[in-house]
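By written order: A, B and C. Residues from 1 in each chain.
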Amino acid sequence: MAFLDVENLKVHFPIKGGIFGRTVDHVRAVDGVSLSLEKGTTYGLVGESGSGKTTTGRAIIGLNNITSGKVTFEGKDITNLRRARADFRKDVQMIFQDPYSSLNPKKRVIDIVAEPLRNYENLSKKEERKRVQELMELVGLSPESILKYPHEFSGGQRQRIGIARAIALKPKLIIADEPVSALDVSVQAQVLNFMQDIQKELDLTYLFIGHDLGVIKHMCDKIGIMYKGRYVEEGTASDIFDDPQHIYTKRLVAAIPDIDPKKRDEQRQFRQEVKAEYEQSYNDYFDDEGLAYPLQSISDTHKVALPEKG
Amino acid sequence: MENKNEIEQVEKSPSGFSIIWREIVRDKLALVSLIFLILITVFVYGVSIILDQDEIVTVDLFSIHEPPGEEFWLGTDYGGRDIFGQLIIGTRNSLSIGILVTLMTGIIGVVFGLVSGYFGGHIDNIMMRILDFFLILPFLMIVIVFVAIVPKYSIWTFSLIMTAFLWMGIARLIRSKALQEKELDYVQASKTLGSSNFKIMFTQVLPNITSLIIVTMTLNLAANIGLESGLSFLGFGFPESTPSLGTLLSYARNPQTLEYRWWIWVPASVLILLLMLSIRNVGEALKRATDARQRRG
Amino acid sequence: MWKFTIRRILIMIPQIILLSVLIFALAKMMPGDALSGMVDPNVDPERLEEIRDKLGWNDPWHVQYADWVGGLVQGDLGQSFRFKMPVTELVGERIVNTFWLSIATLFFTYLIAIPLGITSGRYNDTWLDQSITSYTYIGFATPLFIFALVMLWVFGFMLGWFPTSGSVSPGLQPGTFEYVMSKITHLILPAISMALITTVSTVQYLRSEIIDTKQKDFILTARAKGASETRVYNRHILRNSLLPIAAFLGFEITGLIGGTVFIETIFGYPGMGLLFFESIQLRDYSVVTAVVLLFGIASILGALLSDIILSLVDPRIRIK
């Protein structure tokens, strides 16, 4: 049994219409996603915007209602987090994409970071203050700044505050929803390296959601690629980057810029080849509705969405 | 001990008073209005401690309809009662009920709007249908009917009746703001951190809409004073034994008084107008202070 | 469009039912019934009880409610205790007066709002705009009844330009020219008094609408093409800004309802508002009930009207 198991997860949003506002159709934001995470590793979930990757993460933590499917965490069913016991909430935390809207502008840092502590731990004011200061130190911010408001910090610092809040309860799993895509490139690496440091220190497991393949390659052990609510390919980092099988993955990988100027021509040629292949064989990889086929295993770790043979 | 003080300071909620103050000082009209309001409030509440309400509303048959003079600065009404004294007590009563109704509608409206907007979906749908229904009721008539048929009529029942049909405006405003706020990540974050919906609504979302609440309630105060005086004018507000500004105006329903005895109703009209204008001026200044996204904390 | 209208009308049905239940409950809470006014006080109370029984007034409430609604549908609003006549007849004369008063008020409202709003929007931030804005600002803060009192005092009593009460001078024959003129002169002062206050929000709305439209790209394009300023205003800006004003019509109707009670009371104008005021003072509750119900339905229809007009003007609303 894996650390986190997601089986055939579906999240559908109703479309209302007609005179009585009945549900006429559904948006299939997540349409049958399965994944499993090992403890202490980082799993990357990649896709373009609207592919359902963020919805997947939010459904796992309980921010979106799950239409069908099953989520198990450490062997316990947490599909319906609202009914699940409170300690699951403690064990699964989230880092949000936008460090500007994810911190309440009317609260001081101490109130923001202490919010989870106040919900789960009965600390005296003094202990609480000490814990918050320790956390601030851990994320590399000055413990003296706990009386400030979020707008007095830079984007990178704010994301660190968000991380401090997420690790306050010593969770086991952190869902990081594009944690650096709202930050300046110069700050991104800083935050990412820091996330890797605390991962070792606190033995964390990450579900890392992102669209930047460079970042994903840097962070993740295992990667799943999503397109229109379905998986197109899943595998280890080397499976995906060195041996992409699905045409969609190939295009994504081909689009990663290379800093080596000598390889520029080679790169351009490769990209054009992939583009030609994409246009030619699109219909082989997607069904009539333009959705991906179910996954087929091609090795122990590597799965690709291909039409069934025959 | 010292440490404890420090912690308490930490717990204090942030205040936007400095910006509001700056905005009011910059706007001379709002500043004058605020000073006027403070002066008149202090004066009216202060003097009415000394003045005896029962004495003022006691009928004195020897001085009916006296024009303004030395004994009665602003003359007397048909019961020989001093207009000036009634004006002071009337202003106090009008202000008191205006504030009371504004606070009560504010509380109901904020809770209703917050719950409706925060939960959304079916709850919101049902709550909005209820609100829509209250909104289409002919306010003035329903209130008058209630005032007429309610047994044991008093100031409290009057303000309750007004409140029952006046909470919808602020509720609708708060609801649409709550709808926006709940989509922000800080609300989602609070959910993942294990805060209950109740806690999120009142400790996370509420601080972010306080400025809207303050502005709306200030503007509502002006409107409520106007409504109360209107109802009293028609004879369905304060009883004559506790005069409000509207009570003085109701004497003008008599054409004789309207035409020949201006001192009874003109001062009260001017006072209502000044009160409403100054409260609005302050409210508009507050609105500007909260609109300009220049707050520091 | 049709979908929206049908859905909007469907929403109205529970509203009307709820309104009728509320008013029925209010009517039941009111002290006394039609018998207390209709019958000789010397009649034996037991006999009264018998009559009550026969008329169904001791039935369970839902049966009474059904009877009452049945009567309403047939146009039977009950009996006035005081005037000893059917409420329908009593209301009949008054409703015509209120209808004309409302029409006159709406006429003046738009007559004032459109030129002021256009001037204020077109020449914004000039002294002309500033004086119009000051007027709307003060108008917003002025309670209608105070303004109406002042108008009556100044133009009715001090200057004597207008009659100070009634809807027509006594002794004139209906149908004659003098009769119509008298009706009109009795209407003007109340209608203008109400219009000057209610028009304020329309002026403000029109002003900001025009200022908004002025900056839009299609207006800049029209100017760039060399269209004259007058043409830009008449053909492009007004067409876009006046439409939303139409939607205000429904809201105005709702606003008029509260206003008529004040205006008709102050100007002694015998319409529905004054009827309401008089009958509640006389404790003639069957009339009160009928008037509140009619005004309630009028305001439901007003809201319906403005929603439908708004949905015609602004397609975004239809989606909701």
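The rule is short, and it goes like this: contacts are C-beta pairs under 8 Å (C-beta built on N, C-alpha and C of every residue); 3 or more make two chains touch, one makes a residue touch a chain.
In UniProt terms, the chains line up like this: A = ATP-binding cassette domain-containing protein; B, C = ABC transporter permease subunit.
Here the structure is a predicted model, which is why all the values come from computation and not from measurement.
Taking the CA centroid of subunit B as reference, the farthest chain centroid is that of A.
Chain B has its Cα centroid nearest to the centroid of all protein Cα atoms in the structure.
A separation of 25 Å divides the Cα centre of subunit B from that of subunit C.
A straight line joining the Cα centres of subunit A and subunit B is 49 Å long. Each chain gets a centre from the mean of its Cα atoms; for subunit A and subunit C, those two points are 58 Å apart. If you check the complex, the residues on subunit C that touch subunit B are 11, 14-15, 18-19, 22, 26, 29-31, 137-138, 140-146, 149-150, 152-153, 157-158, 164-165, 254, 257-258, 261-262, 265-266, 276-277, 280-281, 283, 288, 291-292, 295-296, 298-300, 303.
The touching residues of subunit B, counted against subunit C in their complex, run 129, 132-133, 135-142, 144-146, 148-149, 222, 226, 229-230, 233-235, 249, 252-253, 255, 258-259, 262, 265, 269, 272-273, 276-277, 280.
Residue ranges on subunit B touching subunit A, taken from their complex, read 3-4, 7, 10, 13-14, 184-186, 188-195, 204, 207-208, 297.
Within the complex formed with subunit B, the residues of subunit A that make contact are 58, 61-63, 86, 89-90, 92-94, 96-98, 101-108, 110, 115-116, 119-120, 125-126, 129, 146-147, 149, 151, 162, 165.
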